[in-house]
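Structure in structure tokens, see below.
Naming follows writing order (A, B and C), and every chain is counted from residue 1.
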Amino acid sequence: MIVTSEITLNTRGECDIVDITPDIEQEVVRAGMTDGIVTIFVAGSTAGLTTIEFESGVLADLQGMWERIVPKDITYAHDRRWGDGNGYSHVRASLLGASLTVPFNNNRLMVGTWQQIVLVDFDNRPRSRRVILQIMGE
Amino acid sequence: MIVTSEITLNTRGECDIVDITPDIEQEVVRAGMTDGIVTIFVAGSTAGLTTIEFESGVLADLQGMWERIVPKDITYAHDRRWGDGNGYSHVRASLLGASLTVPFNNNRLMVGTWQQIVLVDFDNRPRSRRVILQIMGE
Amino acid sequence: MIVTSEITLNTRGECDIVDITPDIEQEVVRAGMTDGIVTIFVAGSTAGLTTIEFESGVLADLQGMWERIVPKDITYAHDRRWGDGNGYSHVRASLLGASLTVPFNNNRLMVGTWQQIVLVDFDNRPRSRRVILQIMGE
């Protein structure tokens, strides 16, 4: 059984981290399957997906890491060519990855107690985002 | 056909890298499917999954990278707030990712000869870990 | 329904980034399914998969990031032991990841308009690569 579903959300950009666990949980319940996997995919090249303990300290630490390894204030070839100013957003998104697959069992996502599923929006401006869920199971 | 299964293992923490390929291979065989995918997911926010050539030199090189890009000895907001001392563990785990999907064919994982599936435990102490396998196929 | 398929391609190594979206699209169409997921997996430990806007500026920016966070010119234990000279390739591949799962709907990959699926070959020489596709759906 396969159910395709979608979450849309508004982000503030600049490494905004949004907890999408409740939305995914709700879509899994609505799909009416007890066991399976949900493939989560973000359409777009300046956002990514991962899991994290959704606690403001850790979120700030993650943002600090991005600034260290893919700094905003160095020169990007993308910006020289297109003037978008978001070269760093593309590089960060590409490293983090656009897909995540999470198993569920008895209608519950099998994540840890302190582990949330998040969208990280790396773009340099607020965006409306489309997160695709492909739920497969029985 | 879907089979949910679980591996539990003890790790030493501090970037301990554990080869879980044989355990996964065994669970796939036990599930009795010939073709499909196994979704591997680690519950918890201070460990991650990836593949690597399981050779002590490369393992040390990977650990060296983590120390460079997410150093242990800088200040983390998570630690200031909670005193856990494992802010770096959370950030590393979030960057590496908690899920991995591996195809299998004729009952064999389709990994390369020198490519093993590993759990990386970033926490600052030994842990007991639960790795979830969702095996789907026919 | 499950269809296993494979893409083989030649790369130039040294962070060569190859757009494999058309090949994957073609295999999905050929599999004759309308809805589902395609699990993409690269066999081997010196290449990885991700998505990116396939534009030469961004590609150069991504390559620049790899040189910053996993430099070619530092010492790797893997190289001291085996003399392969590609320790950095292994570390980069392990961080990027070997698998990616992309949903499709009405026979089309649900990627963004400016989002391509790419193989990144980190090895220090040209390689022939095998990318495995496990297509599941209905």
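As a convention for this text, contacts are C-beta pairs under 8 Å (C-beta built on N, C-alpha and C of every residue); 3 or more make two chains touch, one makes a residue touch a chain.
Here the structure is a predicted model, which means the values were calculated and not measured.
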Fill in: Copies chain A and chain C touch via same or different residues, half shared test
different
Worksheet item: What angle, rounded to the nearest 5°, describes the rotation that places the Cα atoms of chain B on chain C?
Response: 120
Item to complete: Would you mind pulling out the distance in Å between where the CA atoms of chain A average out and where those of chain C do?
Response: 19
Item to complete: List, in ascending order, every residue of chain A touching at least 2 other chains.
Response: 69, 95, 97, 101, 136
Fill in: chain A contact footprint on chain B (complex, rising order)
2, 4, 39, 41, 43-45, 69-70, 76-82, 87-88, 90-91, 93-95, 97-99, 101, 132, 134, 136
Worksheet item: Which residues of chain B touch chain C in the complex?
Response: 35-37, 50-53, 55-58, 60-62, 64-65, 68-69, 95-97, 100-103, 105, 110-112, 114-115, 136-138
